[in-house]
Every structure is written in structure tokens, then in C-alpha cells.
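Two complexes are shown next, each including chain A; its partner changes from chain B in the first to chain C in the second.
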Partner chain A sequence: MKNRFMYQILAVLVLLCLPLVLGRFHVSLLTEIIVFAMFGVSYNLLLGYGNLLSFGHAMFFGLGAYTTAVALNHIAGLNFFAVVALATGTATLVGFLIGFLILRQKGASFALLTLAFNALFNAMAIKFTFITHGDDGLSLTRPEINLGFVTINTSDVVVFYFVTLVILGSAILLSWYFTSTAMGNTIVLMRENEERMKFLGYSTNITRLILFALTGGLAGLAGSFYALFFSFVSVDAISITMTTTVLLITFVGGSGRFAGPILGAFVYIYLQNFLSDITDRWPFFMGLIFIVMVIFVPGGLSKLIEDVFRWVKARWKGTTAEAEGET
Partner chain B sequence: MSILELVDVRKDFSKLVVLRGIDLSVEAGTKHAIIGPNGAGKTTLFNVITGKHPASAGTIMFKGHNIARYSAHRRNRLGLARSFQTNNAFFGLDVFENVRAGVRSRFGLRYSFIRGPGALQEIDEATWQILRRVGLADSASIPARELSYGQQRALEIGMALSTDPELILLDEPTAGMTREETAEAVEIISRVTEGRTLVIIEHDMDVVFSLADIVTVLQNGTVLVSGPPEEVRRDQRVKDAYLGSD
Partner chain C sequence: MNAFVVFFLHGLTYAGLLFLVSSGLTLVFGMMNVLNFAHATFYMLGAYFSWSLLRMTGNFWLSLVVAPALLFVIGATVERFLLRKVHVLGHVHELLLTFGVAYIITESVKWIWGTRPLAVPITGLLAQSVDLFGITYPTYRLFVFSVSILIGLIMAVALFKTRVGIIIRGAVDDGDMVGALGINVPVLFMAVFGFGAVLSGFAGVIAGPLLTTSPGMADAILVDAFVVIVIGGMGSLGGAVLASLMIGQLQAFGVLLFPKFSLALIYMLMAAVLVVRPSGLFGRQS
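Let's turn to the complex of A and B:
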């Protein structure tokens, strides 16, 4: 357990030091990775932990992004933390309302209803031009962070990386902590046997609602940073394609582990960047990779790495490990 | 005093009528067996009592509450628990977690964002106690799906016990067991249901007559006879309908 905690601390230290060695371009990519890791983590709480397949997770992401952009454009002097909180809160609230409406739907009908809601929000983003500027999108200026004793100018790439790392990194760590709480465990009960938990005094409706609102809020938080990162929001943020992106991130990384989608985001962003440099048809290759992954590596990269690690370990220890394994 | 009282409980699934007006009274502290041929409506009766399916009509009084419209989890919190005819655990979780799920629910630790599922010492203690009583203490860290069939049946009983219910409904707890396993299961059941009210669905007549204070015979969605085991055993209608055909 102590050993595991070491890895987390090590990862944070490495991430804090990376801007010292990386160029601005890679720092920027890393920021994007953190944003999508947050998005993926929120989706995996829903899918991997709760076994709720949603095709509408981008509506919360997009809602967070649009709330951020609209608020910054309309409310002068809005505090950085206030806008992030507003975006997260809006997404949480909408998650709560939609969750309430589709509470009783299971499996395919749940998935299709989330897709329908996503399409609805997407259409609103395109049509409500007076607030979203439709296909033109909305640009925004990142607000400064005023901590009282010091003001941080977030327009710098490296500074914004640190801001993202601290806030989203904390949110990811809190999500990780969440999986070990009673509520986190209750979600796993729902995944394992939704019927049985009712006869042990758990309300499946409350469990689903809390999970849907929570993951919606976390996706909204990711969306808010997405808008701040690009200083721009377009309908892409709330499109079905964005839902596909988070699905890809989660499946490529693996939904069986908490760290899966973090790894998935890393691979996705770098791959997208690499492929889009080579060819305009990068989505085609991304799709191809996705298909290969789902068919041949169903547990995702995190499972693959784990298996390889275990295999190497077993080989390393040789026969002694086998003897130990049998006892 | 009766802890559970059913008055004219009916259940139909669209056209199919399964329960045709059940009247049943279960005295607190007794062991009550429900027998009857396949398709008599025994499991449906359990499902209606525990809230898996809503009753189509009738009242179900439990400890003075009409629970007929209550959700399953609300009925459980009032002190009513059940096991299932087929093994129905959290198969991916270990045995300890399976039982702890009910125990922490009883302690009100269901949806906390702060505390862990085993935050209270009482939860761990109560979980271990149940595991020992159903003979699964040595298997606590094994995933439920890797248990033997007999052990999974024991886990069913352990999970039904986990919320510390006053009334416990066991749906064929010895189904598919060998004679030795059955004897052991009966002993476990009589031990763990001490001080509780038990309603049990059972096919094995040895189990029924060694365990039950009252036997109710269900046939075709109605109560045929209800009374002490000897009385039921002597009843000609029961012989015709059920025991004779054995």
C-alpha cells in the first residue's frame, strides 16, 4: 500500500518537473492530456465502476466549456475559480436533472437516451447563435488568478500547465480517493449486481443519480479547462465526436483500472498529434487503431502493461515464483 | 403477535395470474415453511413480499406498516431480508465484501463520500461474525464466483443475515445440495435464525419437518392448508396435491 502511494507521489513530482526539460509545445500537449485525462476519468467512473454505458458524456464536457466561455464573455471581472466552479456546478446540475429523467432506463435504452440528450445539446449549441455564436464558436480570454498576495497571469503556456496540473490533478486524485469511499464501493456493488443491492437496503436510483451527477460535474470541470486551454469553444466540444473521443480514451486505456483513461488520454493526444502531422485522414487511422484495440486488447493498454509486467516478473523469479504462487 | 400479515395478496403478470388472493400470517419468532408443487407461486410470493415485484392487489403488513407499495430497499431497512433461489451475489467481489455490503448498509454507511466502506470497527466485527457463523471465514478473501456451489449457498444465507433482519426469507437454501451438505445447511439455518422470524421455501420434506413450526401449502396461487407440520402431513388434500405425488 505504501509502495503504491510512492508511485502517485513520483508521478506528481515528474509532472511538476517536466516543464523544465520539455519545450513549450510538449508542455501544451501535456496540458491537453491532463484535461482529457480528467474527462476520461469521469467517464470511467460511470462505465468502468458503475457499468453505465453512456453515449452522451460530451454534453457535460461541452456544457462546462460553453458555460466557461459565455460567463467570461458576459460577466466582467469574473474570478478564475468562480468561472470553473460555475461550469462544474452547471454540469452537475444538468447531470442531476437528466439523470432524474432517465433513472429507470437500463442498458441500451439508457445509452440511446444519453445519445439523444447529447444530440439535443449539440443542436442547441448550433442553433442558439445569440449565445453560442453557432458554428463560429466563442473565443475567450483566460482570467488571471488572484490569490490575494499574488496575481498569476495564466496566459503563459507553462503557467497554465501548472494551474491545470494543480486543479485537475487534485480533482483526479480526489476521484481516485472517491473509489475507495463507501459511495465508491456502492457504485461497484451496482456494477456487480444491481438487483441484489436493493435487498440489502441500497437505493439503486439514488446510487445512479449521484453517480450521473458526479461524473457529469467532473466532465464539466474538464470541459471548463478545455475552453480555457484553447481560449475558444466551438460546437466540437459538445458534439457526438467528443463523446466518441472519451469512449476511445477509456477503451484504449482500459476501463478496468482507475489509471486506464489517464494512460488512454496520453496515448490519444500524442497519437492524434503525430497522425495529424502526417495525414489529413488521421481520424481514419485513429478509428482503425480503436478497432484493433477493442478486438485484440479488450482490457486496454493498462491491462496489457499489467499482464506484461506480471509475465516478466514471473519469468524473472522463475520457478521460485511458481512455487510461491501455489502456496 | 404476527410480524407479517398478508391479506388477499394478488399478483398477475399481464394475463398470467400467479397469486390468487393469499392470506398468510407469520408469528414473530416462528419458523414458517412454505411448500407446494412447482408453479404454485412460492417464489412469486417471496418477490411480492420483499418488493422485487409490486403486488397487484392486497395488503402486506410488516411490523405495523403496509409495505405493499414500498420499494425493496425500504422494506429491507425495516428489517426484512431474503436470499435467492439461485446464487445471486456480487460475484466479482470477495466474500468479505459481499457480506460487508449488507452490514455497512445496516450501519447507515451507504453513500458516504468521506468514509470508507469499513470505516467503523463494528462493521468489520459484524462481518467476521456472520462469516464465521455460515462457515466462510476461511474463504473471506476469495472472489464470490470462485466459491464452490455449496459455499455460494452459504454466502446467500450470510448476505441475507448481513442487514440483521427480524424477518428472514430463504428461498430454497438447500437447493442442489447433497444430503450431507443439506444437513449442515439446516444446522446453520437453525443456528443463525435463532431469535428471528424465518420464512423458508423448501422442497426437501426432511428439512421442512425438522425446521418448521408452521407449514403453509401453496397450490395454484392460493393457500391450501396452513398449520403445524403434523397436521399438514395428515391432511388429505395435501396428500393428494403434493406429498402423495412425490
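Let's turn to the complex of A and C:
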């Protein structure tokens, strides 16, 4: 446990120091990675921990993004934190409402219903042009952060990176602690044996609803930062493609492991950048990589790394044991 | 009154296409428990194959046979060499795989045929119009609807009156038992998956001259087809017929009456059906 804590502090320190060595382009990419890591972490809580396959996670992400843009455009002098809180709150509330309607369904029906709701929100984003500007999208200016004694201008890439790192980093850490709370354990146990949890007196439906709303809220938070990062929101943010993206991130990284989607976001964003530099047909290769991953590395990269470590460790132990003549 | 008839017929035409696409989807889902996200891309491929075949041969009827045949090969290949490999990993992986396949097909289509919408010309008898109930209506739309009915009837006879049909319906109910009775279930899966691709591709071919052939056409029909199988009940052919008719009419009249909310109407209908019957109109209650 102590070791883990040290790793976390080390990771935070490295992330804090990175802008000193990296150029602005990479700092910007890192910000995007943190945003998508948050999105992936929320999706992983739902899919990997809760075993709820959703095809509509982008609706929360997009809702967060649109709430941010609309609020900033219509309410003058709105506080940075108020915007983010509003976006997260809206997504959580919608998560509760939709979850209440559709969580009676399980498995494929649930997946289809989430897809349908996502399509509904997508249609609304396209059609309700008076508020979303339809296909043209909405642009916004990042608000300043006023902490009382100091005002931070967030328009700079590096400053925004730090803001994102602090806020989303804390949210990701909190999600991590959430997985080891009683509630987090209940969710994992429900995944393993729901009948037994019911017999033990747990209200599995309410737990599932809370999980759905919570992950919705976290996705909304990620969406809010997505809007702030690009200073622009378009229909892309709420499209089915965005759900595919989070699905890819989670699966490439490995679902069910907390670090999976974080690794996935890192690989996805860098790979996308790399591929789109060399070819216009990058989605084709992304699809190809995805299929290869599903067939050959079904547990995702984090499982692969874990297996390799275990294998090396076992070999290492084996050889030292042989050397000591204990076998 | 005339507008009413026109929109009613438009609704029937779309219902026909929707039925062709969703019947394959629902059969594959009922049998293999796989939600095939690539299904609508087969429909799109059908339209593009037909466009190319028309350019090469100029014969629409030929493309109506050759394009679905090509899709059988593609569908069976996807099942045999990709889907079967991940079958042991569970449904989520199978589903993700079809996602990847959809990605690749969509991108390949953009690569080969470009992103511009293509127009499929139609000539001869089908390009004309007929007078019907006091209105002039394009023959082609009537053709689309009649062909869908014809195929629906053939499917019904095949499923309910033949030995293969009994085996398929048995596999939808209990695949393990059918396997235990000595039926080669993997081959059956491959055939049904391929056949689903054929139906979808066929719908694509006849949709080509009607709607625009573009890389976005798969997404456009995919969600509707999913809504159809949710409303109709997963794995039910009769449900697919009824739900297709409902969605077709809703699409047609929704555009006429509430243009801003026509998309939302479908989901409202779906939500209403699910509140009353969570497993769909013809689905088995669990």
C-alpha cells in the first residue's frame, strides 16, 4: 500500500514537471489525454466495475460540454468553478432521470436503450439550433479563475494544463478511492453475484442507479473540460462516435482495471495524432488495431503489461531459486 | 388527402427497407446473442456495390443478385474468421468486434468511393410513375415496398414451413440443444450471419436509387433498425414487421407534422412500448 502511495506522488510530481521539458504541443496533447482519461475512468466504473454496457456515455459527455458552452455564452461573468459544477450537476441529474427509466433493462436491451437516448440527445443537438447552433457548433472563451487573492488567466496552454491536472486529477484520484469504499465494493460484488447481494439485503437497483448517475456526472465533468480545452463544442461531442471513442479507450487500456482507461487515453490520443500525421485514413487503422486488440489482447494493454510483469517475476524467482539450489 | 396518401406510401416504402435490415439483425441477435453493429454497413456496402455494378454493366437486375451474393461472402467471412474467434470471450467482445468491423467498412467505403453522395440512376419501367388513388406515385417506391413484402413472405415460409427454418427457430430458442441433436451449429451461425448480410445488402441495393448513397447512410438506418428490434422484441420476425411499419409511418408523418421533433418521436414510441412491455411487443417476457 505504501509503495502505491509513493507511486502516486511520483506520478503527480512527474505530471507537474512535464511542462518544463515538453513543448506547448505536447502539453496540449497531455491536457487532452487527461480529459479523455477522466471520460474513460467514468466509463470504466460503469462497464468494468458495474458490468453495465452502455452505448450512450457520450450523451453525458456532450451534455457537460454543451452546458458549459451555453452557460458561458448566456450568463455574463460566470465563475469558472460554477460552470464546471453546473455541467457536472446537469449530467448527474440527467443520469438519474435516464437511469431511473432504463435501468430495469439488462445486457443488450440496456445497451440499446442507452444508444437510443444518445441518438435522441444527438438529434436534439443538431435540431435545436436556437440553443446549440446545430452543425456550426458553439465557441466560448475560457473564464478566469478568481481565487479571491489571485486571478488566474486560463487562456494559456500551460496554465490550462495545470488547472486540468489539478481538478480532473483530483476527480480521478477520488474515483480511485471510490472503488475501495463500501459502495465501490458493493458494485464489484454485484457484478460477481447479484443474487447473493440481494439476499444479503443490498438494494442493487439503487446502487446501480447511483453508479449510473455518478459516472454520468464524471463524464459531464470531462465534457466540460473538453469544451473549455477546445474553446468550442460541436455535435461531435455528443455523437455516437464519441461513445465509440470512450469504448476504444477503455478496451485498449483494459476494462476492470482502474489504470486501464488512463493508459488507454494516453495510447489513443498519441496514436490518433501519430496516425493522422501520416495518413488521412487514420480511422481505418484505428479500427484495424481495435480488431487485433479484441482478438489477440482481449484484456487490454494493462492486463498485457501485468502478465508480462508476472511472467518476468516468475522467471526471475525461478532462476534465483535454481541458483540457490533450492529446486 | 392526397398528401396523406403520399406520406402513407412513403412510410410503407421506408418500412420495407427497415424490415429488410432489421430482420437479419433480429435473427442474428436471437441466435447468437450478438448485436451486430456492422449490420448497417452491409446495407451501405450493398448500395455502393450496386452503384459500381451499374456503372460497369448498366443492369440493375444483375446488381440486385450480385451485390447480395458478395455480401454473403463478406458476412460469412466476418463470422468465420473474426466473430468465431472471440466467441469464447463473451458477448461484449463480440459486440466490440462488430464495432471494429463497422469502423473498417465505413472507412474503406470512404476510401474507395469517396465521401461525396452518389446518385444511382434508375431506368426503364421502374423510373416511371403510376396513377394511384388520385395521385401520381413513382413506380420505384412501390417496387421497393412490394419486393420487401415478397422477401418477408419468402422468409416466413422458409422459417415456418421448412426443415432449415425449424432448425433456425430452434437455435434461436436454445442453441445448445440444437447442437446436441447433431446439427452443426457453427456452420448454421455462419450461414445465418451471411444471410443477414444478404438481406441487409439487398435493402442497400434497392435503397440506392431511393435515398442518397453516402458514407452516412449506415448510421442513418442503424439506430432505426435497433429501435425496431427493441420495439418488436429481440429475435422476433413478426415483431420486426410490425415495428418497421410503425417506425416507417412515424418517420413519414413525423417529418410532415413535427419537422423539429420527428427524430425524437421514434424514441418516445420506444420508451412508451418499453414501459408497457419491457421485452418488446413480441419478445419473450423474462
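The rule is short, and it goes like this: the second predicted complex is superposed on the first by the 318 of 327 C-alpha atoms of A that agree within 3 Å, B and C clash if a C-alpha of one lies under 4 Å from a C-alpha of the other, contacts with A are read in each partner's own complex, and residues count from 1 in each chain.
Note that in this section contacts are C-beta pairs under 8 Å (C-beta built on N, C-alpha and C of every residue); 3 or more make two chains touch, one makes a residue touch a chain.
Fair warning: this is a prediction, and the values are worked out from it, not measured in the lab.
**Q** Classify the contacts of A:314 with the two partner chains as first (chain B alone), second (chain C alone), both, or neither.
**A** After superposing on A, A:314 lies clear of both chain B and chain C.
**Q** Quick check on the superposed pair: does A:201 touch chain B, chain C, both, or neither? Answer first, second, both or neither.
**A** Only chain B is touched by A:201; chain C is not.
**Q** After the superposition on A, what does A:295 contact: first (chain B), second (chain C), both or neither?
**A** Once the two structures are laid over each other on A, A:295 reaches chain C alone.
**Q** Report for A:82: first if it touches chain B alone, second if chain C alone, otherwise both or neither.
**A** The answer is neither, since A:82 touches no partner chain.
**Q** With both complexes overlaid on chain A, does A:6 touch chain B (first), chain C (second), both or neither?
**A** Touch partners of A:6: none, neither chain B nor chain C.
**Q** Touching A:188, do we find chain B (first), chain C (second), both, or neither?
**A** first
**Q** Which chain makes contact with more of the residues of chain A, chain B or else chain C?
**A** If we count touched residues of chain A for both partners, the winner is C.
**Q** Which partner does A:283 contact after superposing on A: first (chain B), second (chain C), both, neither?
**A** Once the two structures are laid over each other on A, A:283 reaches chain C alone.
**Q** Please work out whether A:123 is in contact with chain B alone, chain C alone, both, or neither, and reply first, second, both or neither.
**A** Once the two structures are laid over each other on A, A:123 reaches chain C alone.
**Q** Residue by residue on chain A, keep only those touching chain B in one complex and chain C in the other, then list them.
**A** None.
**Q** In their shared complex, at which residues does chain B touch chain A?
**A** 50-52, 71-73, 76-77, 81-82, 84, 88-93, 97, 101-102, 104-106, 109-117, 119, 159, 162-163
**Q** Give the list of chain A residues in touch with chain C in this complex.
**A** The contact residues of chain A facing chain C are 47, 53, 101-102, 104-105, 107-109, 111-113, 115-117, 119-120, 123-124, 127-128, 240, 244, 247, 251, 281, 283-284, 286-288, 290-291, 294-295, 298.
**Q** Provide the residue numbers of chain A that touch chain B in the complex, in ascending order.
**A** Chain A reaches chain B through residues 178, 180-183, 185-186, 188-189, 191-193, 195-204, 206-207, 210.
**Q** So in the complex, which bits of chain C are touching chain A?
**A** Going by the criterion above, the answer is residues 29, 33, 35, 82, 85-86, 89, 91-93, 95-97, 99-104, 106-108, 110-111, 219, 223, 226-227, 229-230, 234, 260-261, 263-264, 267, 270-271, 274, 278-279.
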